[in-house]
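This is the structure I want to talk about, given as structure tokens.
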Amino acid sequence: MSNLKEFVEFREKVNKIIIEKGTLNTKRFFNIDENVYNEGKLPKKTKELLGLVASIVLRCDDCVNYHLLQLKNLKTDYEEFFEAFDIALVVGGSITIPHIRRAVMFLEEIMTKEEN
Amino acid sequence: MSNLKEFVEFREKVNKIIIEKGTLNTKRFFNIDENVYNEGKLPKKTKELLGLVASIVLRCDDCVNYHLLQLKNLKTDYEEFFEAFDIALVVGGSITIPHIRRAVMFLEEIMTKEEN
Amino acid sequence: MSNLKEFVEFREKVNKIIIEKGTLNTKRFFNIDENVYNEGKLPKKTKELLGLVASIVLRCDDCVNYHLLQLKNLKTDYEEFFEAFDIALVVGGSITIPHIRRAVMFLEEIMTKEEN
Amino acid sequence: MSNLKEFVEFREKVNKIIIEKGTLNTKRFFNIDENVYNEGKLPKKTKELLGLVASIVLRCDDCVNYHLLQLKNLKTDYEEFFEAFDIALVVGGSITIPHIRRAVMFLEEIMTKEEN
Amino acid sequence: MSNLKEFVEFREKVNKIIIEKGTLNTKRFFNIDENVYNEGKLPKKTKELLGLVASIVLRCDDCVNYHLLQLKNLKTDYEEFFEAFDIALVVGGSITIPHIRRAVMFLEEIMTKEEN
Amino acid sequence: MSNLKEFVEFREKVNKIIIEKGTLNTKRFFNIDENVYNEGKLPKKTKELLGLVASIVLRCDDCVNYHLLQLKNLKTDYEEFFEAFDIALVVGGSITIPHIRRAVMFLEEIMTKEEN
């Protein structure tokens, strides 16, 4: 649980500082960064999966965790997660493995919990 | 039309040489690279979209073109393509723009044609 | 001259298609992408140099060319360009060399011309 | 303070081992790596900003911290830092956000301290 | 010793979960990932060095540690390690330095120990 | 033959301009970039293979071609090339495939020719 809690709290605390001290452009970027995952012609779940795979191949653990949380709340199951991991693994290669390992451990933590 | 034709022909010609001269491991990798996009718990179209966005953020034009062709044959429309491009753009940043430009020009060529 | 002309025309033509067919998020991203280089507490020239070096280390030739054009119009000279190239070269390594080679050839073309 | 202290001490300790056990080429690389940031036709502060933005888009936290320290000693203020962050954010995309978050937390620590 | 022990145990524990919950494609990828380093026309040691340098330039610490362990068991000495590091450093640039620092510290730990 | 000839001539022409207009740091970097591949404790051929695989996973076609030429002159055969490609492919993933395709076509051109 500590991984999850630490991740969520750090993220919120620093985002607040960034929004407070950042420029208008910073705020607008953060805004678009939320909007592109909204339900559209493509379903929200598909978009979150796109964010997840993009984050794995670019090897950004915090970004991966964020999308894992969103997807868990959208009722994604292990089979779907691993099919997405497979694409990231093949496209991005074995250097994504340490990130997939950490993603799997984060999943183990969040899949057994109530809605986040 | 020339972009599309040239792309498809070069790809086929060289893949044949690679399969012929490559090792057993090379062949097995190419095999998995096909299998991960097969219909599974996640639909094939979702998987191809995952391949597309991963390819844009990793900035691989040939990989992008390949997935654009697959997705066009799976009846993806412009609105869906641009929602996927948006996620790649936000996750990968402005350095993906030249690749999105080339993707858009490739789309312009293939969207008006019969099944490839 | 052909490199420069081709680059500028392709860029304009495709940007028009993207703005026309893209989503609201696409347009907003393109908008921020312009704004972050505006004169601020940091001078515009410094910001364009930041864009240049970021583009070299991420190895995006079209992005590099764009910033070279902006910087040439802001009266950047060869000595300044090479000091910026050096930082990109050391931070990004020898894999940036082919991109610096193309940047140098583009510079050779634009430095002898009137304002673009 | 611990982040800063730990970072500076680890860096010094290991650099000493590298210089001691490394080859002549290793030493020469480390030497150039210092020289490219020296005052030249471009001011040292501009060069450090170039190093900072290159480090963010390449997502190297230790490199980012190093340039933040240099820039703080060159009297860079929050507004300038955030204008530089904005360029890194737009060029490198949302995957730079976790690195910008850590940069902001490191800044919070060092901006309130005496010269480092 | 703790770095080494922690690294090896975490790796084994999570690989077991991945093999158990992963798809057939996941398993096949992990299989190829082992096979490509087997003795062939190129000696195993050369292949492990290739894996090491690829891992440094792609900046994957866990991958680096894995190859350092393999290479130590294949009787690689400091001089050979540093010649390989030099190539990674020049090709990948100064952003590989923090990874080389951590590699050097891991080496310091494992080089004095019995076979792992 | 045209690929090879064009590649070699462009490289030489632009390197000359860079050495002429570049700074002392530029020259020193180019110097180290040559030295790290010299015969040492590791044989020159192993070092060129390290440069090749690093260049494939970082997806730099010009860098790949350069090392292919060196390795051909050091009597590397197809089997060795493909074992090295396999490692790049597995470490770097399917996004390296277009670069391996171009490497294979370049090899087809140079392997049938006299010493370059």
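Remarks
Letters are used for the chains, namely A, B, C, D, E and F, taken in the order the chains are written, and counting of residues starts over at 1 for each.
Operating definition for what follows: a contact is a pair of C-beta atoms (placed from the backbone, for glycine too) under 8 Å apart; a residue touches a chain by one contact, two chains touch by 3 or more.
Keep in mind that what you see is a predicted model, and the values were worked out from it rather than measured.
The chains that touch both chain E and chain F are A, B, C, D. Counting steps between touching chains, the shortest path from chain A to chain E takes 1.
With every chain reduced to the mean of its CA atoms, the largest distance from chain A is reached by F. Both chain D and chain E derive from one sequence, and where they touch, under half of the residue numbers involved are common to the two copies. On a Cα centroid basis, the chain most remote from chain C in this structure is E.
Chain centres here are Cα means. That of chain B falls 27 Å from that of chain F.
Look at where the CA atoms of chain A average out and do the same for chain F: the two points lie 37 Å apart.
Residue positions of chain F touching 2 or more other chains, listed in rising order: 23, 25, 29, 32-33, 36, 40, 54-55, 57-58, 63, 79, 83, 86, 89-92, 94-95. If you sketch which chains touch which, every chain touches every other chain without exception.
Interface of chain C with chain A (complex): residues 23, 25, 28-29, 32, 35-36, 40.
Across the complex, chain A meets chain F through its residues 57, 89-96. Only residues 10-11, 14-15, 17-18, 21-23, 25-26, 29, 33, 54-55, 58, 60-63 of chain B touch chain F when the two sit together in their complex. Across the complex, chain A is touched by residues 32-33, 36-37, 40-42, 46-47, 49-51, 53-55, 57-58, 63, 77, 79-80, 83-84, 86-92 of chain B.
Of all residues in chain B, those touching chain C in their complex are 59, 78-79, 82-83, 85-86, 89-90, 94-95, 97-98, 100-101, 104-105, 108.
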